[in-house]
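Below you'll find the structures, each written out as structure tokens.
Consider the two complexes below, in which chain A is the common component and chain B and chain C are the respective partners.
Our next item is the complex of A and B:
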């Protein structure tokens, strides 16, 4: 137990960087749901494609143009290409159903279909072997810059070891949130997206085309998920199945915050990340009846447990399980 | 010349026939009122004109252009704007953002200055909105919300502004102010078609009026004549 307490700050730092990724994925859920009422379970697949595209671009151009520029180009291409795939998914799979006034449930099923197709696409294009990519800012670069306390691609800050990539994750979250804030509050297109979320008929009366707004929402959300994928690419194996677990966690984060509440989604993501990291770091325990239990092995189940708990509590309080419809970023 | 011309317009909600062969003209620069009891089909008429609902049969023409078949989002650009029943503001947006949304159909970044000037013009019409421009629209009083709704409609610079019962639920003084502003619009270049149950006041302000009953136009004529019509007096003005 003392060991656990000593590693607690470490676990919390880990949790924040995990949580920032979940928050990015959750924001995608919120944007799409608010504008088009689709709970898009293919968000994780957008992340997966974003990561694979990023790795492919970096592999291709790192030699000729240098690692730093390659990362930048990789992020850009990953954002745009995955955004385009998101737009295509909307146009081919969702729009025909939405035009025929499909129910929320039907749209969820369609999103499951889309995610199966995208996973198959990832498998076909990139095969079954995981790839990986170097950290954006490798430890050796930091050493060359004269920094001490560098081990591998990690940095020792006080008693806490932080992967350099974690900084990028948090920076990415902050920049994305600032970018979205500006977009939704200071541009006409962003305002029109919010208008659709608040009152679609009124928005139409102003001349806002709902299906174009849904298209933009899908492209934007796919792009955000792709950025999340690119940024965790250096920290985990990159392959076609990686979207499953991450997509689920993004979904749970969005539900925790209220499916239409972007600020809630960010808090939901950070909270889920921290809870997962801390529980994963608990020491082995003796549980009556069950014998020895290793909490780390429960990590996978945490998101499900939280999801069920949130849904049940919201139901008991008489609210919709998804949480209120707000859009106030 | 007639700006808005409606011929034999019918509309229904499934089996419920809400409008039956309605004929109605609004001339450029006129102030025209439609009065009628609850459920007469007034809102249905404006929804069909704005494109939120498609007509079952009949034709809607604006300045000679047939609007049938166009969706709501495409009609506003042709110069027809609706201030909907119950205001329908974007409650989570500020007053100013609601007004800016009103200009969506003609917005380009090159027109920013022109649109800001139009926002100022709305503030000149309803000075209280200038003070409240950063307040969330959902937290305004009913009267202030109605002012935003009208201002938002004007921001599209429509040739004709349609208003659906703007006086509902408002104090007499506020109604007077809103009617005063709306009645002055035709002289400033915006034709007005207004739907009201408040027949007494609107017949004093309008040029012409139509009486709608169960989806059918029962009476039409110069507003002051209708105000003196015995049937109108009995049913809509409450004279014995």
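Our next item is the complex of A and C:
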């Protein structure tokens, strides 16, 4: 137990970087849901495609233009290409159903269909072997810059070891949030999107084209998910199956925050990340009935138990999410 | 139950009973047995999802509980598999009742994610349970015994599944037309409206949730005793999704729709499996299973766009208007 307490700060740091990824995915859920009332379970597949496209671009151009520029180009291409795929998914699969006044349940099933197709596409395009990509800021570069406490691609800060990629994850989350804030509050399109989220009927009466706004929401969300995928690509095997688990966690985070609430989604993501990391660090224990249990392998289950508890307690207290209910960053 | 609504059950039962005499292919019968087992779980799911009006994304969790309960009774306690089948129904019903009293307080998307969470928790816990073989699961689950070795043959097992499936259909049709069934339908239209008319909506929902859990458990047990080995991965999240797809494609608010949806999806995946042999001779396909999945996903999307109520309601309405 002492070992566990000693590693706690380390686990929390790890949790924040995991949680920032979940938060990014959750934001995608919130944007789509707020504007078009679709729970898009294919969000994880957008992340997967984003990661695979990013790796492909970096592999292709790292030699001729250098690693730094390759990362930048990879992020850009991944954002745009996946955004386009998101737009395509909306136009081909969701829009025809929405135009026919499909129910929430029907739309969820359609999003499952979309994720089946996208996953198969990812497999056909990139095969079954996991690929990987170097960290954005390799430990080597830091060492060359004269930093002492570098091991591999990690930095030692105080007693805590932080992967350099974790910084990029947190930076990506902050930039995305700032970008979304600017977009939703300062641009005409962003305001129109918010109008659709608040009251679709009045928005339409004011001349806001609802289906074009939904299209933008899908493209934007797919793009954000792609960024999340590109940013974690150096930290885990990149493969067509990677979207399922991450998408599910993003979904859980969004629900914890109250599906239409972006601020709640960010808190939900961070909370889930920290809880998962901390549980993963617990020592092996004896549980009656189950026998010896390694909490790390029960992470997922425990996260869901917590989720259920949050949902039920909140329901009993009559609240809707971790934060308020209104949409807007 | 009126005799008229009994006729389709008899007809379907009669036609399906002919299958073993048409072909003795073990593979074909196996396919039909799996479809029947699925159908039982899917009808259970449809009873709940069709009435609560919300997708249940954790039906495979109940199948897992049934399968494991059955396997434990038969292999660890050396009791008759029939006791296992009863234990499967009882255990999944009990868990359904416990879980239901908790998560049925939720509604809308929250209920859907609650059921999803349940399925994932069950699979994760089973992977950690040393007594039941962790991730490698349980093996050597015996077949049912009935007049000696009657159920040890494929055909014998086929008839067992068929009889249970028909009983389940009759039970479900009866429920739909009974007083509690009407209460549930009222609940589906408007929960507040139903409450105003004196329906105890919370109890009604819990009862149908437990029933759907029991059917899932029975399906799990039938699966375990047929295949003989089970692992936690047999009942993973994607199976729950597949079951929901079957229920929704057939028409989630009808018993026959659920059965039809199961048959449709099952037939479709068999047909797509056969397709690449034909296609492969024309164009070279790199990965056959992924190609299957792509077609599967596309058909799913198309059906949901053009027949959102599912196949059965769409066709029956056309017949009536035409």
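The definition used in the following text is that the second predicted complex is superposed on the first by the 310 of 329 C-alpha atoms of A that agree within 3 Å, B and C clash if a C-alpha of one lies under 4 Å from a C-alpha of the other, contacts with A are read in each partner's own complex, and residues count from 1 in each chain.
Assume a contact is a pair of C-beta atoms (placed from the backbone, for glycine too) under 8 Å apart; a residue touches a chain by one contact, two chains touch by 3 or more.
Only a predicted model underlies this, so the values are computations on that prediction, with no experimental measurement involved.
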First (chain B), second (chain C), both or neither touched by A:307: second
Partner chain in contact with A:9 - chain B first, chain C second, else both or neither: neither
Touching partner for A:68 - first (chain B), second (chain C), both, neither: neither
First, second, both or neither for A:209, with chain B first and chain C second: first
Chain B versus chain C as contact partner of A:152, first or second or both or neither: neither
First (chain B), second (chain C), both or neither touched by A:195: first
Superposition-derived comparison: chain B or chain C, residues of chain A touched: C
Partner chain in contact with A:292 - chain B first, chain C second, else both or neither: second
Touched partner set for A:106, first chain B, second chain C, both or neither: second
Intersection of the chain A residues that touch chain B with those that touch chain C: none
Chain C partner contacts - residues on chain A that touch it in the complex: 39, 92-93, 96-97, 100, 102-106, 108-110, 112-117, 119-121, 123-124, 248, 251-252, 255, 259, 289-294, 297-298, 300-301, 304-305, 307-308, 311-312, 315-316
For the chain B and chain A complex, residues of the former touching the latter: 50-52, 71-74, 76-77, 81-82, 84, 88-93, 97, 100-102, 104-105, 107, 152, 156
List of chain C residues in touch with chain A within their complex: 49, 53-55, 102-103, 105-106, 108-110, 112-114, 117-118, 120-121, 124-125, 127-131, 237, 241, 244-245, 248, 252, 286-287, 290-291, 293-294, 296-298, 300-301, 304-306, 308
Complex contact set, residues of chain A against chain B: 188, 191-192, 194-195, 198-199, 201-210, 326-328
